[in-house]
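Paired with subunit B in one complex and with subunit C in the other, subunit A is shared by the two complexes that follow.
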Partner chain A sequence: MEHKVIGKSVERWDAIAKVTGRANYTGDIPQKELLYGKICRAKIAHGRVKNMDISEALKVPGVVKILTPDDVPEISFPTAGHPYSLDPKFADVADRRILTRNVRLYGDEIAAVIAESELAAEIAVSKIKVEYEEYEFYLTPEEALKEGAVEIHEGTKNIIADTTLEIGDLDSGFKEADIIIEDICATPIVQHCQMENQIAYAYKDVDNRWVCVSSTQIPHIVRRVLGQAFGMPWGRFRVIKPFIGGGFGNKQDIVVEPLAVAMSMAVGGKAVMLDLHREEVFAWTRVRHAISYKIKMGFTNDGIITALDIDAISNNGAYASHGHSIVSKGSGIVTAIYKVPNYRYRGRTVYTNTAAAGAMRAYGTPQITYALETFMNKFSIMTGIDQFELRAKNFTKVNDENPVLHMTQHSMSLRECLDKGRQIFNWDEKRKSIDESKDSDFVRGLGMAAFAYTSGAYPKTMEIAGCRLVLNQDGSIKMMMGATEIGQGADTVFSQMVADTVGIPFEWVIADAVTDTDIAPFDTGAYASRQTFVSGMAVKKAAVELKEKILEASYHFSKKTNKVTVDDMDIVDGNIIQKHDGQIIESLGDLALKTYYNMHEGHCLTADVSNRCTKNAYPYGVTLAEVEVDKKTGKVEVLSILNVHDSGKIINPLLASGQVEGGMAQGLGYGLSEELKYDEKTGKPLNNNLLDYKMPTFMDIPDLGVSFVEIDDPVGPYGNKSLGEPPLCSPAPALRNAIIDALGIYVKDIPVTPQKIIEALSENREV
Partner chain B sequence: MYQINGYFEASTIKEAIDYLVGNENSQVIAGGTDVLIKTRERKSGYTDKDLVGIMRIPVLKGINLDDDGNILIGSTTTFTEVEEDEIIQRNIPSLAAACGSVGGPQIRNIGTIGGNVANGATSADSASTLFAMDAVICLEGPEGKREIPIKEFYLGPGKVAMNKGELMTHIKILKENFMCFKGHYIKFSQRKAMDIATLGCSIMVKTTGNKIDELKIAYGVAGPTPIRATEAEAIAKGMEITTENLDLIGEKCLENASARDSWRASKAFRQQLIRELPKRAIKIALGGGE
Partner chain C sequence: MLKTINCTINGKVMELQVDVRESLLDMLRNRLHLTGTKQGCGVGECGACAVLIDGQTLDSCIYLAVWADGKDVVTIEGLTGTDGSLSDLQQNFVDKGAIQCGFCTPGFVVSATALLDKKPNPTKAEIRRGLSGNLCRCTGYTKILDAVEATAEQRRNK
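On to the complex of A and B.
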């Protein structure tokens, strides 16, 4: 298909407003009167609040009110940003209260102060006296699962879910194997570190409904959960999302909104803002699940996978949030990339007293990709089979049905990604020069890893998206979306889709600076890399409909003077033309004026669609990395790194490269340095700040290589598959594999820190 | 949020001292990159204070050579100013490098070398180099002026030998402690910027031919305060510079260090760094390259 706007690096419509500071984020929007909320957090890791004395805190000048669990609804609600499930069996676990007497992690939310200033609120929090009854606490699933462990949530035995999936015959699969490898590996708790902390404020509006302005990825879902948390009709709430400084899944969860609304309700509807500090965001919003894997994998001598047995234990922390969906997602990711004839995948999701784990960019896939790709690497080292060939031999193919997800894939260009990557990375030349320089303290190594992902959440959850288009009086088009711009550039890409499909310049499409649940069509929000794929389908449907209406109208208004039929009409660069000779019939602006003001036949042209997506398309990709390791200090320097993606058609190459670079940088931290740690004696988070949590800085990131293999996917609305989350899936295993290539020793867990390298070297662990 | 009771801007040393003496609740603030962080975290002793600003006292700022050729660094000289100063770059480039390794540009533009030392942290990037040069801390208080060797200035984690009402005015580096020496500072941290040292190692070395005349090795984070590896320094005297001898020196450094296990790093890992970093620093100082 020939495109005029799609595939072009148009400048994002909000770029200038953002870089000049004119874009308003939640904290920027002025209120006539604003009160400030501050959470009083438990100072034990597990137990119960026996008694709370707020008398001294109430005396602090500026304090308006203090809320305790007695002052909020006794209703448990779910927090995951998933679509509502009509079947209660699949509903998210409702285990959260706005404030709690049961302390399930250090820092749990036991009271909240409302004050005239943030400082007054903080001083008051420091004066609240709490008596606790303390229980034993658990920082790992192993501890939480031990015999007689105290239940963090009553009646759960600390297990959120324990499921096993089996395909083929595992025993005969291992019998067919010539080589069987068994091992364990583990991934850490990490945090999103999105630039803008969680922030929300709430007030009672002129129509007596409750408005919550929040930095969220999922405005429509927030509205629903507010309804659930307060036991009130969902329509009593309105959620507004201004510009947002990133989320990476941390804002695909309901974290601050119910408390913000509860605080406003407590002060007669005055606006109350809850603005978390970075330290709170680290420790008490959401994190990525730490998952440990026990894996047994059988291969033929040629490197064909015959059997795979995975036992995954996922640390969900203190509240269910997205819960079991994360570890179970891994099961279908394995079969999206490799053919595994005999397969067992057991996933257990366990409550512990650490931060609640929820959605984080690529939703369980960086974990399973790490595990799988370190195993592929191990087999390659054991047998000498080329890493690229070993993987390619086992790749799934076009038109294969994924036996876990029961979806057929229609495009798969991973082989092309491997070949392209190998060539532009100069892998083979690098290999030669590395092999010649092995005997100094600084050794170099190469590593690679491949991944698969999904586009949207179908068939795990339903997928609907809405788009409303209005032809304005001058021929420009107002676009309204429920899908959520969170910094990734979704609105820009949707605008490109509208412009391309209708046939107008990009600049004629007007996007929204806010998403408002009273106005925006229904869409579940920004997650699962679903925007260009799922919401893109709605955009296309609306744009096609509006274009048809425009051509019909033009035909109608001009048929007396013009003999052209609708079939011979098109819109190009904002003009309605005759297809056969390209002659302009009229400008879209002239037509639009007629639709608005024709005394007898005027009617505004709009398209307002909701689209249900019942498909999925798997994006793929590969990371290649070269590192230099200092054998005496364990320091790793990433010399070069490249991601090659098969995401189908790339709608906006510049924005796409930006997403890939960001994901690679996050993957670099995941592989080498990031981990949220807890004090074993107290259960307190140790490094919940940007100094002690080692997110790489700009100076730690090398030039990032980005490349695409662009082959249209037949299912994607414009040949596109997802790209938002995929870039983070494969850098960590590629880096780890490069490090062990350099050192010839074995490191099993990420992050591969200098200390772990020195330990492995001193123990001389064999690969 | 910052709970601060009051702020007094001193324009002379005397004004500052008078205020400090007269107000039990007072607390000196220079660049604020330690004090304000502690205030924000509501650390005990750092909330509701009457702060005394000393950044606009002219005599506390700047770097000079005195009549004897000693280097005098004003206590409120910022890291950036130290890093970019010509006297420092010419005579003690390792201190310029140490100051250039602190945090990020914003921190270096406001944080001061005096504050770095007065804060009493073992991880202070400038401190190990100042230890390696046996710097002298110049104080002024209600009782007058006094000078104290940096070794004695550090009493323990966060504790320094400053009395109530005293201000650090200068850091003095004697000519004999830098002339004819070559020095190098290595900050080992997980990140290349915005980070705290896992271990800092600063060396000063004087050689004749291939022989070590004098070697000074100082560490940050190898103990509760910055330390000197005096045992290693003693055996190094007169040593030929060979790989074997450097290994001996590195090993000997462990005798003065008291590395411990913490969640930030294991004892074994710190010890490996304690062994390795001085060898590298010596090689680099002597032009061996990295």
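On to the complex of A and C.
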């Protein structure tokens, strides 16, 4: 199908507002008599609040009220940004209170101050006196699982879930193997570092309902969880999302909203703002799960996988949040990329006294991809089988059914991605040049890694999306989405879909700067790279419906004077035309005026679609990397890095390459520098700030290569598959593999920091 | 304690009463509603609050409002034409796709404006170093680099 707007790098609709500073984020919207909230955080890592004395804090000038756990509902609620589960068996774990006496991590939320200024609130927080009963604390799952460990949540033995999935016959799979590799590896706790901190404010509206304005990826889910947290009908809450300064999954969770509302409720509905500091966002919102893997993998001499046994332990931190779904996701990712006839995947998700781990870009996939691709690399080194060929031999194929997700794969161009990558990266020339170079203190190496991902969350959860289109009086179209623009450009891409499908210029589609649960159609929000795929289906359906209505109306109004049939009508560049000769019947604006104002038949043309998606499509890709390592200092320089993606049809190439570059930079940080660390003596986070936590700066990111293999996916609404999360799945293992290629020594875990390199070199660990 | 300061903000001469503990960022955002300048960390690590003070890029979150007495302050709002027109650099941020969530964008535009004033022909390495005080988590910095390079090139060819 020929596209006029899809596939074009149109300018994102909000770019000018953002580049001039006119785009309003949550903290930019003025409120009358705004009050400020600050959280009093526990100074121990595990225990109970025995006593709290707020008398001195109350004397601080400007303090309006102090909330303790006695002042908020005694209701436990879930926080994950998942769709509601009608089956209680699959409901999210409800282990969170708005404020708590049970301290489960250093910094847990034990009280909150409401004051006339942020400063007064901070001073008051410092004057709250707390007496604790302290328990032993655990920073790793291994410690939390030891015999006799104190339960972080009563009755759990510190295990959120422990599941094992088996396919085929593992024992016979290992018997068939010529070569078996066994090893362990681990990934770190990392943080999203979206530039806008978590922030929300709440007030009582003119209709006596509670409004929460929040920087969230999931407005409709926030509304539901507020209802759950307060034990009130969900319709009593309204959630509004203005422009949002990034999320990456950190804001796919309910963190600040219930407390913001509780604070407003405590002061008669006045507006109260809860604006977290960067240090709080790092340590006390959400992080990525650190997962350790014990893996046994069997291959034939030719490199065909015969059996794979994975035992994954996931550090979920102090609260369940997204919980077991993260480590579970890995099980189906393995079988999306490689054929594994005999397979066991055990996943355990464990409470510890560290930051609650939730959703983060690519949802468990960077972890499993790291583990899997270091093993593929190891086998390639052991046998000398070419890295690319080894992987390609084991790839799944079109029409294969994923035995874990039970979804058929409709397109798979990973082989093409490998070939394209190898060629444009000049892999073979680089290989030759490296092999011929003489030993010195600076050594170069090559590494690669492939990945699979999913488009949306079906069939793990239901998938529903909404789109409402209204034909305006001048022929422009108002587009209302429940899906959430969080910086990725979703609204621009949806607008392209509408323009392309209806047949109007891109500029005629009007998007929303705000998502408001009172107005926006229901959609579960921005996560799982679901929006262009799942919400895109709703957009397409609505656009097709509106176009039909427009053509029928035009036919109806003009049939007396024009003999053309609806089948011979189309809309091109905003004009209704006769298909057979291209002649313009009327402009869309003229038709719109008639539909609005005809004395006898006037009506506004709309399409309001709520679409359930029961499909998934697997996007794929590969990272190729070349590094130079300084053997004296352990410093790694990334000389070149390339991502090649199979995401089906690319809707907006400029936005798409921006997604890939951003994801690659995050993957680079994941592989080389980022890790949230804790003090083993106190359980206190050590580097919860942007100085000590090594998120890549401008100087750390080399030129990034981006390429696509564009083959339409048959189920994607416009041939497209997901792209938002995939780019960060494979850079970390590719970089790690390049480093060990350079050094000829073994480095197990990421981030591969200079310290780890120097340690490995001094021990001369063999690959 | 309040103190009166006199300064120029985006070309406008102003007399302001400020708290001596107040940051320039809070003064701009809360008193003058110049909310284009963002707070990402509050401690001078991320550059989202960058403004120009007498032509120098500074993080307004760690610059006291009282220090602005007698100074010329330019924010993102002051870099945009009074008729709303974009500067060449802003236009290149738009054209090159350098904007995603947009929260770091005002700070980057401010820093890159000063960088190009000082170094009209920066190398890639100079751009990377010159903008390393601004963090971005969305873009991988690539298209920001493209926008700055394109601006320098266009100015050269004028």
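Everything that follows uses one rule, which is that the second predicted complex is superposed on the first by the 766 of 767 C-alpha atoms of A that agree within 3 Å, B and C clash if a C-alpha of one lies under 4 Å from a C-alpha of the other, contacts with A are read in each partner's own complex, and residues count from 1 in each chain.
Keep this in mind: a contact is a pair of C-beta atoms (placed from the backbone, for glycine too) under 8 Å apart; a residue touches a chain by one contact, two chains touch by 3 or more.
Given the structure is predicted, the values throughout are model-derived calculations rather than measurements.
Chemist: Would you sort A:Leu690 into first (subunit B), second (subunit C), both or neither based on which partner it touches?
Modeler: both
Chemist: Once the shared chain is lined up, is A:Met273 touching subunit B (first), subunit C (second), both, or neither of them?
Modeler: Neither partner.
Chemist: Under the stated touch criterion, which partner chain does A:Ile368 make contact with: subunit B (first), subunit C (second), both, or neither?
Modeler: Neither partner.
Chemist: Which holds for A:Leu743: it touches subunit B only (first), subunit C only (second), both, or neither?
Modeler: neither
Chemist: Under the stated touch criterion, which partner chain does A:Gly245 make contact with: subunit B (first), subunit C (second), both, or neither?
Modeler: second
Chemist: Quick one: classify A:Pro30 as touching subunit B (first), subunit C (second), both or neither.
Modeler: Only subunit C; A:Pro30 stays clear of subunit B.
Chemist: Would you check which partner chain A:Arg22 touches, where first means subunit B only, second means subunit C only, and both and neither mean what they say?
Modeler: A:Arg22 contacts subunit C only, not subunit B.
Chemist: Of subunit B and subunit C, which one touches more of subunit A's residues?
Modeler: In the superposed model, C touches more residues of subunit A.
Chemist: Using the superposition on chain A described above, determine whether A:Gln755 touches subunit B (first), subunit C (second), both, or neither.
Modeler: In the superposition, A:Gln755 touches subunit B alone.
Chemist: Just checking: does A:Leu655 make contact with subunit B only, subunit C only, both, or neither of them? Give me first, second, both or neither.
Modeler: Only subunit C; A:Leu655 stays clear of subunit B.
Chemist: Taking the contacts subunit A makes with subunit B in one complex and with subunit C in the other, which residues are shared?
Modeler: 119, 690-691, 697-699
Chemist: What part of subunit A is in contact with subunit C in the complex they form?
Modeler: On the subunit A side, the touching residues are 9, 11-12, 14-25, 27-28, 30, 119, 192-197, 243-246, 248, 277-278, 486-489, 654-655, 657-658, 661-666, 689-691, 695, 697-699, 701, 703-704.
Chemist: List the residues on subunit B that touch subunit A in their complex, please.
Modeler: Answer in residue numbers: 1-3, 42, 104, 188, 190-196, 263-266, 268-269, 272-273, 276-277.
Chemist: Taking the complex as given, what residues does subunit A use to touch subunit B?
Modeler: 117-119, 122-123, 126, 632-635, 673, 677, 679, 686-687, 690-692, 694, 696-700, 753-755, 758-759, 762
Chemist: For subunit C, which residues are in contact with subunit A within the complex?
Modeler: Contacts found on subunit C: 21, 29, 33-43, 45-46, 48, 75-77, 80, 84, 86, 90, 93-95, 97, 99-106, 109, 127-129, 131-132, 134-145.
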